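Chains here go by letter, A, B and C, matching the order in which they are written, and residues are numbered from 1 within each.
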Amino acid sequence: MADAAVAQAARSGTDDVRPLVRVEGLAKHFDVSPPWLTRVLRHEDRTLVRAVDGVSFDIPAGRTFSLVGESGCGKSTVARLVVGLYNPTAGEVEFDGVSMANLKSRREMAPIRKRLQMIFQDPYASLNPRWRVADIVAEPLRAHGLMTDRRAIQKRVGELLELVRLSARDGEKFPHEFSGGQRQRISIARALASNPEFLVCDEPTSALDVSVQAQILNLMKDLQRELGLTYLFISHDLAVVYHISDYVGVMYLGRLVEWGTARDIFRRPQHPYTRMLLDAIPDLEMSGRQRIPVAGEVPSPIHPPSGCHFHPRCPFANERCKAEEPKAIATPAGGKVRCHAIEEGRLTEEVVQHALGRD
Amino acid sequence: MAIAPEEIQVSPGLFGRVIDGGRRFFDGDIFYAFKKSPLTIAAFVVTVLMFAIALSAHWLAPFDTMNLSSLNLMDARLPPIGWQFNDGGMMVDPDPRFLLGTDEQGRDLLSAMMFGLQISLEVGFASVILAAVFGTLLGLVSGYAGGRVDSFIMRVADVQLTFPAILIALLIDGATRTMMDPDTHQAFKLPILILAIAASQWVNFARTVRGSTLVEKNKEYVQAARVIGIRPSLIMIRHVLPNVLGPVLVIATLSLAIAILTEATLSFLGVGVPATEPSLGTLIRLGQNVLFSGMWWLTIYPSLVLVILVLAVNLLGDWLRDALNPRLR
Amino acid sequence: MAENTTREKPARKGALLEVENLRVEFPTRRGTLTAVDDISFHIDEGEVLGVVGESGAGKSMTGTAIIGLLEPPGRIAGGEIRLDGRRIDNLPYEKLRRIRGREIGMVFQDPLTSLNPLYTVGHQLIETIQTHTDMSESQARRRAIDLLAEVGIPAPERRIDQYPHQFSGGMRQRVVIALALCVNPRLVIADEPTTALDVSIQAQIIKLLKKLCSEHGAAVMLITHDMGVIAETADRVAVMYSGRIAEVGPVREVIRNAKHPYTHGLMGSIPMVGHDLDRLTQIEGSMPRLTEIPTGCPFNPRCPKVFERCRHERPELIAVEDTRVACWLYEEGEQRRTGSHG
């Protein structure tokens, strides 16, 4: 079976395995125009928000790819596009060699559905408050007709709850009887019920306290090892991303500005925005590192700046950056980056240090 | 961890779940809020009492006023116990058999009111249930589907709202009166009335349910169900519906009071239930005809019952709205 | 920051804010819940005290109790709060209101809800200034413009007449800081001031808050769940758990050499860039609900170093080096004292 081969390759630790998920030129535009009549009266055109604008990346089987960025950068939209909650405006998502755009009906989609699942951010909103935990966890089993026997379902639910370090007896309770961290475990148990290979995790620990976040991150790593899972991990917290990821993509206003292995992104960031994000992480070790907060805020995604979206906040921007959208170029370390300054070789180490006031 | 014997999973049966649910209800905040409000308890007692009387009218009523052949004109125009009636210069004393007096045909007012209450509640309940089912379903579809379906349903609702209930009832009554022969029309009078009242009320349900559905459908548990691949119709029924029923219950209670009043109004205007099976509204209309001849009891007593019933149901509805709204607590 | 490490003063004289045995209770129909349980701390003039803890630890409740904004039925059930030696926990409403504006400023988490959307930013600043000083309208307006410039809002003469919704999230929080500082308060209570903001803006706001408070000579009580913010900003830090203070001391000491097993576990559970760990340190379980706080040390069911005494007796703060720790491990003569963990 093909899946087994992929899982095998992932376990053997080589990275030249066939990607389990391929995202190619993915775009999603939302229409935020006022109603038709208002538009006609005010002589306005339609207003489109390019929430995701031409994003491409691969996720090798058994690995974690993280998307990181500030609010409004489109990372959550990518997550929802990948699981099919939104239909892309352009581009496609390929899962295990099958383009999801070709799967029109629910019936055609069903075999893929089983294999990819999602974990959400808010543990208080992601479980139906009127259902018992056992029914919540069993929903994928029943929906896909994986099991019909009541006893078998009950047994499997018990196993799943124990897999996420809860007790099988918790199935009889309602979600409100659990803490935030325990609810997130229930969410994970539900996501794992149909034995998926791929989990999309949309800020799964952002609503949790740090000590509980550590529990969930550890659990996710354990599960990845035990079950050979592939993760698409969405987060705004760089430290969490560093901890969990094999690959990282940095997004800014709908575009991927830099992507590559986590090690390279964090050790040798190239794009000025990536450098800025890394510089903004609070210095918890109190090493006395001098931080220069970068000025400005993320502009509105409704009217993004021309050319490179980052140019108004970028200390290295020139006329070309204002006019022309940068193409992706390879970094020395094997990642990709979209930046004119790097392409032109303007961004030498001395220039960067000088700009950050660290001569 | 060693598993203790009591830890072996036992799924409680239906009975267990009912007991469990009951325990949670009496332990819950809603029951607590109920206990804390004497007015609500009074309203609840009155409502239950009225329902009980209406349901057991056949056994409780001293006379079968529905059976016209049992009436005796000799018993006509008797005042309630404790009152005297000046009937054209002749003083009439009350008859102990007729507690609240009789009307011009000798119908016992107490019995007539019991049956009237029954009909009023029947019409009220039937129309509210019809409106609730219809409105909730439309609201659910409208909110969940969105787009053109939503626009269409909501525009229909807007148009519906521009017609007051009484106008709709008069229209339907008028239209059916011309289309059907009088006998058929008489036979269908009750269903037509129920339909007319329901038609004026479904909009309330549809709008509220649509609003709640819009909120719920963006919650992550609904998205999770979509990722699992559940059919939209099943998501609506199994996930969204149970979470939007709270407001439906509140509106249903408040609508019941309005439905009873609407029915009374329509019956008072003569387009409601037939005079042979009088509801409270019909009784008030009939009484009102003879009010100036001094037979005040035929109007006052049914009106009193109507006011108390509607007030009690309304109070219950108000309380339920506050109890289910966490922001007000 | 190095000179700040020995800020802990031996005597309480000169402390700006003193909180002694503060207790905040919530009567409910299922019994009284104790949200803040007998805590004591002080803040010196010009000092930044970080109060850190996970949700439900009682840190925000402590802040709201100090400025007298507890939502009923919550109430101060015991203890004293003194500002400059005067008790402020039992003042009548009107007096407290005056202190709240003039001597204690407040910065809340959500800048959108702490500004009135119906009035211009200038109106709100001028109103606050005039309430607490006897400046004329034009003087107050000048002061408001100066303040906006000071918190880094470009073109303040123009922006003063704009409404809150015309400002971005970061700019709004700057306005809120200007509002808190506009009458030169002696203490600013900042409750999660950066939580709602993006990472890059967080850094800007932290820096601004710190700079302004030292320039205005205001002490800061910084309430947050984010150890990173504390590390960047505070002089001393109090770690709260289940309505009590687990550990309080100089920031560097608490972060680098945590003494309480909870603080120690908490620090280990924070992922850090550059730390290649396969697993994070994990504290099992979660903070108990207010209805289920165990007897003795509230941390005892989750504590890896628990022993018999922890289950029965509640530890008071014990001085260990520069910090004070509520843990029986540090009791004088206690055999288990090891000095270091992990």
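In the analysis below, a contact is a pair of C-beta atoms (placed from the backbone, for glycine too) under 8 Å apart; a residue touches a chain by one contact, two chains touch by 3 or more.
Just so we're on the same page, UniProt names per chain: A, C = Peptide/nickel transport system ATP-binding protein; B = Peptide/nickel transport system permease protein.
As the structure is a prediction and not an experimental result, all values here were calculated from the model.
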Task = Name the chain whose C-alpha centroid is most distant from the C-alpha centroid of chain C.
result = B
Ask   = Counting C-beta pairs in contact, which comes out ahead: A-C or A-B?
value = A-C
Key: Inter-centroid spacing, chain C versus chain B (mean Cα positions, whole Å)   = 54
Inquiry  = Need the CA-centroid distance for the pair chain A / chain B, whole Å please.
reply    = 51
Centre-to-centre distance between chain C and chain A (centres being mean Cα positions), rounded to whole Å = 33
Message = Looking at the complex, which residues from chain A come into contact with chain C?
response = 70-71, 179-182, 209-215, 217-218, 221, 236-240, 242-244, 266, 276-286, 288, 291, 293-295, 297-298
Request  = Please give the residue numbers of chain C that touch chain A in the complex, ascending.
outcome  = 1-2, 54-55, 168-171, 198-204, 206-207, 225-229, 231-232, 251-252, 255-256, 265-266, 268-275, 277-284, 286-287
Request  = Sort out for me which residues of chain B touch chain A in the complex.
outcome  = 7, 9, 11-12, 219-221, 223-231, 239, 242-243
Remark   = Given the complex, residues on chain A that touch chain B span 80, 83-85, 106, 109-110, 113-114, 116-118, 120-122, 125-130, 134, 139-140, 143-144, 154, 158, 167-169, 171-172, 187, 190, 194
